[in-house]
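Got a structure for you, questions after.
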């Protein structure tokens, strides 16, 4: 009796999962495999068509000595670490604010959605104008407030340019993660807080011992997704800096784009993309192992 | 039971597919069966676009289609996305277009293009500047026809110059520096450039190519290897570095030319290199603070005289096109004197035909046309090669480093040389 | 200190929350305010420093110009609506059962499958764009709104599965046990018990999928030509090589974001409930 019940559940489970898996395989199967194969080829647009020749691991060997690639790798590492940190902390802060009775208004929540709903193309151009060194409103405001006494070239020096890209991307990424965290916060059973209060816990203790542990799953999802996304930032670089000045803001995904679509070096571009893939996979696996609650299905 | 379920599902999927097909049909415009259908891939206005895509010569265009039993559909796209869509289409071996707008990418996509321009009528070719074919000729075959004379020239704010007692535009490098210095101050800069994007026609590398030719240098030797790592290359870069002292410091962050143009139009810079189209923008009261104050001049001469680069906006025909003759005829129509004249009068893009450029009505409407014609008498090579994008990224990045003081001009040139050698060798 | 006091905090905590909210409002809204302002200003006024905000600089010309090409923008919005609705409904329809199975049913190697699904998101879109283009052009489905919608499933479906799976994992087993005791089958339990109490996360993931599909740019650029062009492509058209009319671009952006905001306002109760009440009360 129990065995057949389990069997039924197992069959239903497969039936539930199968359409999604098949759909994903149908859409992404060939492109993913082909991209992997492309990274082992040299592709040239010569003659009447596109010629492919197998080159083994040559593309990956070229990566090792490509200074631009390493620059992009370091930029990306800095960018991704900072982005995940900032987005997680700011989002958690906003989620806590909006859960507080004073912040519990629909106006705030709609306001939270807006930056996310703006088309990224428009968003990037908007920020390009805001940050413009000559007629940008950021310089205008800061100068008239007396914070700075001359216009700054925000996107002019390597470190500053990278950090402004970071800020804009954080601005764009926070809403979704904050909504996710707010949802997670709301799920924490009030009884746990009550119990913590009975035990004499203050706000900080109850945050550390009740809120955070209860949100572990949500936090894990938020951090994993944000990591994946921060490793593939592209459109902001394309519009705001084009990787400049002097490759200071070249991130790996932008480099993959540049090599693939501007240089038409499809094999090498795929190699870069596959490095991003491998790195993301490793980091995500690490996060899942570290953060994911040990007992799936268990009440947390 | 499972069978019937499956069949029902199949029917459902069938219906869904049918709906999908119907939807696809819904979005496709019907084409008259007898007509030759021509598909033209082009940028959107205000970038240079043909009649029918831009608002000019519409009746003539309709008449041409009727007379030639052809229906023309335009696939228009924002300029910055053109290359991506072309690259994808060509790289997967299927491009649906008959006529393709090209801008410095002819060598790159050469194997997909037909050398149709060799068959253009003699009277048309004779009326075009011979040098305009330079960027579209490969192995003595002409793959394209440039349709707008678009060279970088100097634009300057006449009022600013007059205020400091300068009557004419700077004529040579020494004057250029002296003017820039004189014009800088009071929240205003002598010059503004867009040095943010290293690559492409009109990016950092392009400006260096302008100075390179003015210094008497060139990019490649007969063996197609780089030959710029010499006095000319270093002098060109040193000139740019020297000018930085009086250039809007934001220049290094302006990724697009219109970021820099706006600075000139706001009156906070006095001079810049720009394309002929700038004339209209500068005199549009909705966009410009300096209406009526702009003048244009030939670029200041270096040791080897003045020189510029070419915007290379050209029409090309796809090798895979089934209507190559008709496509060529359409391009001939684009190049016909009446269309060329409407092009400049209605859109501001200069014609390429010398006879139209000489037309008094055209010269009255576009006073800078004479300047561009004069500039065209001097070298204006954009040095396009199949790996133009990669080469200009490499060179432009080195130039940016020199402009920021991270490297000396000599060091940057040496590094750029090595990078370009590697790129050319890898191409094989 | 009473329990209610613990929730609301003392005067100091109220002050901190107030300051936090003010910063939050400025942080989120300032760029948006600037977007709206720029869409009604002449470019001439915008390039001044500081911007010329005098009354004569204001204009509706940007909107009228953009609306004059309304066929284009309208067409793009209809396409985006079709693409986004299609992609969202399929992602939820296929994703919710998959997420439930991966969270609650004894699927072998559920964690491995879930990770595999997530792994599909790790290869940058740039790498799969060209192979994807080859497949779709062989099928003759370039420039087709529905094929674009299907492609969008490649990122919407995995994310929806992961968001929902996280929530399903938190449902107490008692609920399903009670349903099983009452004789409800797995499908019934899922349909009549699990889904209704999961309305909030379903709304959350629907909002996610819709916005991502509405705004996607790169695949839309490569896989469409003219007819299936979506809103982001239309917006990008206002950014030219030689000239960007910033006001028009922002006007187009403001118009295009309006439906998304309208949906958010219209469904605010669901979304608010979604994010506010949560699915479980202790």
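Order of writing sets the chain letters: A, B and C. Residues in each chain are counted from 1.
Methods note: a residue touches a chain if its C-beta (ideal position, glycine included) is under 8 Å from a C-beta of that chain, and two chains touch if they have at least 3 such contacts.
Just so it is clear, the structure is predicted and the values come from calculations on it, not from any experiment.
The touch graph of these protein chains is complete, with an edge between every pair of chains. Across B-C and A-C, it is A-C that has more C-beta pairs touching. Chain B and chain C have Cα centroids separated by 36 Å. Averaged Cα coordinates give chain A a centre that lies 15 Å from the centre of chain C.
Taken residue by residue, chain A touches two or more other chains at 134-135, 151, 260-261, 266, whereas all remaining positions touch fewer. Annotation for chain C: residues touching 2 or more other chains are 47-49, 130, 134, 236, 239, 244.
Listed for chain B are residues 84, 88, 91-93, 262-263, 266, 268, each touching two or more other chains.
Those residues of chain A that touch chain B in the shared complex are 43, 45-50, 128, 132-135, 151, 153-157, 161, 239-247, 258, 260-266.
Put simply, chain C touches chain B in their complex at residues 42-44, 47-49, 59, 61, 129-130, 133-134, 137, 141, 143-146, 221-222, 225-228, 233, 236-245. Across the complex, chain B meets chain A through its residues 83-84, 87-88, 90-93, 108-109, 111-112, 192, 195-199, 204, 248-250, 252-255, 259, 262-263, 266, 268, 319, 387, 389-390, 393, 397, 400-401, 404, 406. Residues 3, 6-9, 13-14, 17-18, 20-21, 24-25, 27-29, 31-32, 34-35, 38, 46-51, 90, 94-95, 97-98, 100-108, 110-111, 113, 115, 117-128, 130-132, 134-135, 150-151, 153-154, 157-159, 161-163, 166-167, 169-170, 172-173, 180, 185-187, 190, 200-201, 204, 207-208, 211, 214-215, 217-218, 231-232, 235-236, 239, 244, 246, 249-250, 252-253, 256-257, 260-261, 264-265, 268-269, 271-272, 274-282 of chain C are the ones touching chain A in the complex. Residues 20, 23-24, 27-29, 43-44, 46-47, 73-81, 84-85, 88-89, 91-94, 96, 202, 256-258, 261-263, 265-266, 268, 275, 277-278, 281, 285-289 of chain B touch chain C in their complex.
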